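Please find the structures below.
Each of the two complexes below includes chain A, the first together with chain B, the second together with chain C.
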Partner chain A sequence: MISLLDFSLIFMVLAFIPCMYRIIKGPTVPDRVVAVDAMTTVIIVMLGAYSYDKGSVFFMDVALVLAVISFVGTVTISKYLDEGVVL
Partner chain B sequence: MSGISVFINMIMNILSDIVLLIGLIFVFLGMLGLIRLPDVYNRLHTTAKIGTLGAFGVMLSILMRAGFAPIGIKAIAVGLFLLLTAPIAAHMITRAAHRHGVGLCKESIIDEYGEARER
Partner chain C sequence: MTTVITKMITRICLPLVILFSISLLLAGHNNPGGGFIGGVMFASIVALSYVVYGLEEIKKSFSPDWGKWFGFGLVLAACTGFAALPFGHNFFRSAVEILDIPLIGEIEMVSAALFDIGVYFVVIGSLLSIFQMVGEDK
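Our next item is the complex of A and B:
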């Protein structure tokens, strides 16, 4: 009997495919940024579910750091697209 | 005493399954929108839901399962951080895309930000 948390892990792996499709095909730069942001969120959720599944706290620290890096990266790229400079 | 504890545990398990299922449904809808919708702004509208409702639902479900153990506290910290920062990132990338010159899809009927910038 497969539990719902294991099913959510399989589902998150399958959710990579649309993100990859949009990163490769997306016509403009903001498309790709949006897809990378969505893929990072999926990775964060997957790390959380995996951390609970294995009973280890350390993967949740990785998820927190990845969330911070994803936010800073998206803000930096949008500032670069908007004004042409970073900072 | 033990009977009440087992009962509360069962209720929390059922609630966490429901919240996890809601989060997974929102992740599925976000991925569907990422493939099917026509332009950047529509796609961003759906992928912001992955960051807020999908991730927060899954993290809340982990908090309900684990209780106030270190895993649960860190999970709800990650969920609250995503709930705060995902809309900010979505607004910033939308504004940057519009100012960068990415057009709207041809079915759209109103562009208030573009009209306000021309004035």
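Our next item is the complex of A and C:
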């Protein structure tokens, strides 16, 4: 018997496929940046669901760290693409 | 320049992420966490505020010498080797003392935590001094 959380994890893995397609194929750099950001969000949600599934709190630390790093990276690349300078 | 939304989110995130980095630092060596990832968190959020507000704007109010943080952390991490000698242990061994503080409970004082704090300062100092030097170089 497959539980609902396992089912949702399978569907979140399937959500990688369009992100991967956009990262590899994406014609412009902003497409790739948005795809990486979306993929990171999916990974964060997967970590939360997996943490609930296993009853372990340690994956939440990983999710928080990944969220902060992904936010910093996306903001920095966006500023570089918009203004041509980071600092 | 960057929009007001990014500035406001950075201003809200800054104290929360610094608290999270300190909690990761103190959770180390028994739980996931430690000096390295705490330092990376601190450095990334300070780098974000440099990116969003601009290097010159931040340096008006807050401009520590990150190279000195690097040196302080390196000295602290190197001196941790002697920390267990007063407790009668070997060189480089971790000394464990269990303190009983009223109202808080038992706290495990470990000399390896000092090494973690040293690594924390080394990571912050090295990452942010590289970031600042590359950013000032027009």
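Throughout what follows, the second predicted complex is superposed on the first by the 87 of 87 C-alpha atoms of A that agree within 3 Å, B and C clash if a C-alpha of one lies under 4 Å from a C-alpha of the other, contacts with A are read in each partner's own complex, and residues count from 1 in each chain.
Operating definition for what follows: contacts are C-beta pairs under 8 Å (C-beta built on N, C-alpha and C of every residue); 3 or more make two chains touch, one makes a residue touch a chain.
Computed from a prediction, not measured in an experiment: that's the story for all the values here.
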Practice prompt. Classify the contacts of A:G48 with the two partner chains as first (chain B alone), second (chain C alone), both, or neither.
Written response: first
Worksheet item: Between chain B (first) and chain C (second), which does A:I23 come into contact with in this model arrangement: first, second, both, or neither?
Response: neither
Worksheet item: Who does A:L9 touch here: chain B (first), chain C (second), both, or neither?
Response: neither
Item to complete: Could you tell me if A:V75 is touching chain B, chain C, both of them or neither one (first, second, both, neither)?
Response: both
Practice prompt. May I ask you to name which of chain B and chain C touches more residues of chain A?
Written response: B
Worksheet entry | First, second, both or neither for A:L64, with chain B first and chain C second | both
Worksheet entry | Touched partner set for A:V86, first chain B, second chain C, both or neither | second
Practice prompt. Check chain A for residues that touch chain B in one structure and chain C in the other, and list them.
Written response: 61, 64, 68, 71, 75, 79
Discussion item. If we count contacts the way the header does, which residues on chain C are in touch with chain A in the complex?
Written reply: 1-2, 6, 13, 17, 20, 24, 31-33, 37, 40-41, 44-45, 47-48, 50-52, 54-55, 134-136
Worksheet item: Which bits of chain A are touching chain C when the two form their complex?
Response: 58, 61-62, 64-65, 68-69, 71-72, 75-76, 79, 83, 86-87
Item to complete: Name, in rising order, each residue of chain A that touches chain B in their complex.
Response: 4-5, 8, 11-12, 15, 18-19, 21-22, 28-31, 33-35, 37-38, 41-42, 44-45, 48-49, 51-52, 55, 57, 60-61, 63-64, 67-68, 70-71, 74-75, 77-79, 81-82
Discussion item. Under the stated contact criterion, what part of chain B meets chain A in this complex?
Written reply: 17, 20-21, 23-24, 27-28, 30-32, 34-35, 40, 43-44, 47, 50-51, 54-55, 58-59, 62, 65-66, 70-71, 74-75, 77-78, 81-82, 85-86, 88-89, 92-93, 95-97, 99-100, 102
